[in-house]
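Before anything else, here is the set of structures, which you'll find just below.
Presented sequentially are two complexes of chain A, the first with chain B as partner and the second with chain C.
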Partner chain A sequence: MPEKLVVGTLGSRVPTTGQARRKRRGPSFELRMMLPALLVLALITVVPFLMLIAMSFAKVRLLGGVSLSVNGLENWANVLTDAATWHSWGVTLEFFVLAVGMEMIVGTVLALILNSLRRGQSVAFSLVLLPMFLAPITVGLLGNFLLDPTIGLYAWVMQSLHLVGPGQSVLGSQSTAMLAVATLDMWEWAPLVALIVLAGLTSVSPSVLEAASVDGAGYLRTLFSIVIPTILPVLLVALLVRSMDAVRYYDIVHITTGGGPANSTWVISLQLNEKIQATSIDGVTTLIGQSAVIGITMLAFTVIIANLFVRVLDRRGLTR
Partner chain B sequence: MSNNIMTAPRTRRAANILAVIAILWSVIPLAWMLLTAFKPQSAIRTSTPDLSFAPTLVNFQNLFSGGNSIGPFIVNSVIVSIVSTLIAVGLGVVGGYGLCHWKSRGKKDVAFWIISTRMAPIAAVIVPLFVMFRQVGLIDNLLGLIIAYLTFNLPFAIWLMSAFFAEVPPSLQEAAQIDGCTKWQAFRMVVVPTTVPGIIATSVLCLVFSWNDYAFASSFAGPSSQTLPMTAGSLITQTGVDWGQLCAVGLITVLPMIIVGLAVRKHLATGLSMGAVTGE
Partner chain C sequence: MNSTQNLLSRRMVLGGGLGLAALGLAGCAPTSKTTAAGSGWKQFSGTTINFISENTAPSAAIAANTKPFEDLTGIKVNITQMALENLVQKVKLDMSGGTSQYHVVYADPYQVLAPLSQGLTDLNQFVNDKKYPPVEKGLSDFIALDAAGRFEDKSKLYALPYDCPTMIWMYRKDLFDKYQSKMQQDLGFDPTPSGKITWEQYYQIADWFNKNAKSDVPYGTGQQAKQHDSLQCDFSNVLWAYGADYFDVPDIGTIGTQKPGKATLTTPEALEAAKFYDKLLKIAHPSSNTWDWDGLGNAFAAGQVAMCPNWHEYAASNEASLPGKVGYSILPTGPKRSANNWGGTGIGINANAKGNEQGAAWLFVNWATSPNTQVMTLKSAKGGGTPTRTSVYDMPEVKKAEVRPSDMPNMLTAAAVLEAWKPENIGLRPKVATWNQLDTIVYTNLSKMIAGTQDPTTTMQTMASQFDKVNG
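After this line comes the complex of A and B, so read on.
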């Protein structure tokens, strides 16, 4: 494929008329437009992906230049028979259901509330969206600060309401740590769900709502038999977008509980990260191969979500 | 809003009260961060919240003074985010247009590849990049971070720009071609100018993603390439956390993102749903 020519043609804008071009053999105009981006993307994603697969079947040495020596299925066997792997997938699943579930519910409720405002909708909406712009690491740090049992604002509120005992740390006790971490994630991302749902709510037909109201349907009845069914595709999009992020990010868990207490928030990315950290300490006998295996299993999850996403878009005619 | 579900005055009042609660839920932690950033140490370490304090700039002064000044880290963050955004959006605008109009059986596969790249868990991407960067000396190097951020910004920019280009009526480009433009000229002089809001929205989101990254930075960056979120992260591991400074860093980190983010609010729904939903 004449890549250089492609770039050159684009760069120097050699005038070719559409018809002359169409008669010529070779990549179409659209493909040539895509090539530079796709080549760079391939370089920074396909190469690492192949590397990841290679490493999962090898012992990786980092000292004195990277070298791989094939060790067959050893990494896979080690990871798949390690109870810690399955524990962390279980924790990930728990976090996933809890965080994404709360985000969907709270986000939808936020959208319904904002949608019903007659005045000040724009300002209210902007304020509700603010948490989304924080770095997840900052959200984690704020969580640490607000939930600190001695000086935290929210810890003080909860202690005053006798929701938690004096000096008891929400992030530090095994029964509440997961809920606290998931709530922090929800605080940041429920506004994103609200944003997407709100866009969907504008497509609910006013005349249908009017008819429902004339027929004497109450609020909840209208909500569940008209509004929710109408915005179902949009809810699905929000669910998929949040699903991919719930596995993508780990900053909040990393900085708040670090996986504890007693590994109750030890999500899969922490399990992977630990193997890399162990590697950077000794540098020779490495666990990188094992972390590659975990990485591949995480990617498999991503591929499923991406597949569903593209299908949803396809059904709505959006991938054209 | 003509399609309100709640119309009775009583439900409307309830909605207003709920809206206030929703706003407080979102804003209180941020407001608390803002206040704490201007508090002296003595007003932070209190068991009951202290609102009657004398505002001080001491936390900010501490951040910018001495050998640990965060000034260079801000510069690093700015360079890395902006360069990565410019490359991603530059390639994404051209590539996205190609993807949008490309008619081929392979299109679905390419689209799928792009979207799954964007969704890939950062932890999984770190493993091979870590090994490769070590090999070629890109650890603790701004270029390394720029490349790392491209792994999520580039597929995002291609995908989203493709969605924005799909909104442009095809007749526009056809008219330009009838007037004698080549496809490339029609793209550059007719289509791109009409998509400027989309390009800006894409840029802002790429900027936010890379600015807020912690996972890549904490794996690949070192003393000479430290970014702002890393600064915040490293302040907490030491014994005796300085919450005043932490809140000040948090504030410095989030303010620019809030400003640019709200500036493109109209396109946020489209952008953050990867073009699956069209906003207001």
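After this line comes the complex of A and C, so read on.
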């Protein structure tokens, strides 16, 4: 191991004749080959991002092509002092905790069940994964049908079990609407968590499990003392992936509740959409700049979350 | 000059002949009169245009039967249908990008025409240009031309009226017949739906059904009270009936304005309207706050409610689900009047469209709003249209369809709708460029009110202050 490090260090510090030649001639062959792809990537990511930042400090006129005029910090001040935007951030956090929490628990349980199957594992696995392949908008429509108090199967089951009153809809009550939309999201994305966790479960050493069994450890003891600690890195990766996605949640809530009732499911992406939707093209508007500010804050939130998880992974020595 | 005229005349004859031949091939094609007009229909043959529309019955009917238009003009038309909010975004992007992916645009007066009027072509240039076929029966044949087609400037015409759904009172005639005498005895008035019934009496009828007819229908009334545009539409009927309005500006519902001034939502009449609406929702079907117009339409058709205010274009689906059991009336009256929300829309042309595309788009607009095409959409199995031509309502075959059995079920609402369109009964939302923002303010606050987190007075005060902030 130490030899390898020395070789690596030396190799990187002492340029070979070939490397020196490449330095003289400009970009390397590899870089030149990658350049078109990098340019396309820059066009579709960096340029819009810079445009987003520019719009956040500008008034925008849309008619006949987008044109900007400087508006200083007004858009930022408007958004950061807007009670409706803060409310939607609060709702987003509520959704975030509920949906991601349920996805992690249900996904992990599903993975453990699938992992324990001795027969028909692949069939069961395929069935579990199915919701993940649906477009979120389809999941929303499906949720609308299933939870419709007139014709919905789930609504009928809940009414039969007296979980909701006759004719009442879980999507129409402030106390249950958020839980309902978070559950729909969980239904779609828990399989992804299951997929990731299932991959992690293959890294649990059978000999360690056998040893635990010989030592008399029960299922729960084995789960919490051996399995979970072993798959912790993949659990954190699953958490990271779902967390980043949950901030952008839009389709299902748009289709099912439209942000209601009484703004109880008005997540931040609906707030962003509302400002864009309200824009007229006839005049100069600050609404697009405000939408840009919300978009940037969403990005910042996602970066913070991602960094947080990466730091946790790093602290535990799991990124290496 | 004479030779040119003769040549044109021969072309007209040939064009008319070809058109008639195409008509014969198309079978039940709707364009006999349009084709007979002859000249100008073929001048953009080979052009392809795209029409973006809300997913409404007339567009579904036209999308299912574009062959007559293509045979008449040689123009290929692609029709894209979607929810209105998605349409608004797509049109906005198209216009702001300086492109014309969509040449013909479904121009909702409030969500498209008012905020995006500068992105639409003034249609007068086509109406007055002799090289185009004339508008059959002239512009005066259109119902609500100003409301559907103009904004701010009466000299400009941005859209031709294409559909005109209007909110009316839909009720289970079979149940009203069954319980009429008992209801009359209990309530002390004749409950037969009509413009003579007040909103307070509507409440009493709904409550009576809740308490006395559970075996036939779970609830008396249903409302489209989801946190959605539909909630604003539903509430506006009551607001106007009580003598209140969003703004106090003349012609704001027809021509519209960029500067509506201060909101008038804190008047005593407005507060009374909000209090009544809040009270009504307390006895309405509990799922009302999850229903938009489609949800309510489905619930009514499924027999969940005895009556509801909804757009008259749902008559076709009512007739399919509850044949012969549904009656129609104008909405109840308030202290001021009966107000029936008009939801008509025009179709216009994207100003970014170039050359032939503009001309071809105009031919489509002219054809799609012609009387015979409207009759075709009325008859369509795709749900039926809502004609915007006075002459259509005067046609004998259309008049005949006003009574059962009817091959144009939407016409069963004709008596109610024609009454609803009278100036004293029509309800017109304010046509202002900021309407999309104001609409969200209205339905968000109302949703809080009916959820019980905000009282009616605070709701209207909050609405008014937010309106004033948006409009400066």
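Please note the rule applied: the second predicted complex is superposed on the first by the 270 of 320 C-alpha atoms of A that agree within 3 Å, B and C clash if a C-alpha of one lies under 4 Å from a C-alpha of the other, contacts with A are read in each partner's own complex, and residues count from 1 in each chain.
The criterion applied here is as follows: a contact is a pair of C-beta atoms (placed from the backbone, for glycine too) under 8 Å apart; a residue touches a chain by one contact, two chains touch by 3 or more.
As the structure is a computational prediction, the values presented were derived from the model and not from experiment.
J.: Assess the superposed three-chain arrangement around chain A: do chain B and chain C clash, or do they fit?
T.: On the shared chain A, the partners clash.
J.: Based on the superposed arrangement, let me know which partner A:Y249 touches: chain B (first), chain C (second), both, or neither?
T.: first
J.: Spot which of chain B and chain C makes contact with more residues of chain A, would you?
T.: B
J.: Touching A:V97, do we find chain B (first), chain C (second), both, or neither?
T.: Touch partners of A:V97: none, neither chain B nor chain C.
J.: Taking the superposition as given, does A:I276 touch the first partner, chain B, the second, chain C, both, or neither?
T.: In the superposition, A:I276 contacts both chain B and chain C.
J.: Between chain B and chain C, whom does A:V66 touch in the aligned arrangement: first, second, both, or neither?
T.: So A:V66 meets both chain B and chain C here.
J.: Tell me which partner A:L38 touches in the superposition: chain B (first), chain C (second), both or neither.
T.: It touches chain B, and chain C stays clear.
J.: State whether A:M132 touches chain B only (first), chain C only (second), both chains, or neither.
T.: It touches chain B, and chain C stays clear.
J.: Have a look at where A:Q168 lands relative to chain B and chain C in the superposition and call it first, second, both or neither.
T.: second
J.: Once the structures are superposed on A, label A:L80 by its partner contacts, choosing first (chain B), second (chain C), both or neither.
T.: A:L80: touches no partner chain.
J.: Quick check for you: in the superposed arrangement, does A:L198 touch first (chain B), second (chain C), both or neither?
T.: In the superposed model, A:L198 contacts chain B only, not chain C.
J.: In the combined picture, which part of chain B sits where chain C already is, 133-141, 205-213 or 259-267?
T.: 133-141
J.: Which chain A residues lie in the overlap of the chain B contact set and the chain C contact set?
T.: Residues 62, 65-66, 150-151, 276 of chain A touch both chain B and chain C.
J.: Can you tell me which positions in chain A touch chain B when the two form their complex?
T.: Contact set of chain A toward chain B: 10, 13, 15-18, 21, 28-38, 40-41, 44-45, 47-49, 51-52, 55, 60, 62, 65-66, 110, 112-118, 121, 124-138, 141-142, 144-146, 150-151, 153, 156, 187, 191-192, 195-196, 198-202, 204-206, 209, 213, 219, 222-223, 227, 234, 237-238, 241, 244, 247-251, 254-255, 268-269, 272-273, 276, 288, 291-292, 294-296, 298-299, 301-303, 305-307, 309-310, 312-314, 316, 318-320.
J.: How about chain C: which of its residues touch chain A in the complex?
T.: Interface residues on chain C, with respect to chain A: 85, 88-89, 92, 95-98, 114-119, 218-219, 226-228, 258, 285-290, 292, 295, 298-299, 302, 304, 433-434, 436-437, 440, 444, 447-448, 450-451, 453-454.
J.: Under the touch definition given earlier, write down the residues of chain B that touch chain A in their complex.
T.: Touch list, chain B to chain A: 1-7, 11-12, 15-16, 18-19, 22-23, 25-30, 32-33, 36, 44-49, 87, 91-92, 94-104, 108, 110-112, 114-117, 119-132, 134-135, 147, 150-151, 154-155, 158, 163, 166, 177, 182-185, 187-188, 208, 211-215, 219, 228-229, 232-233, 236, 241, 243, 246-247, 250, 253-254, 257-258, 261-262, 265, 268-270, 272-280.
J.: Could you list, by residue number, the parts of chain A that touch chain C in their complex?
T.: Those residues of chain A that touch chain C are 62-66, 148-151, 165-169, 171-172, 174, 257-264, 266, 274, 276-283, 287.
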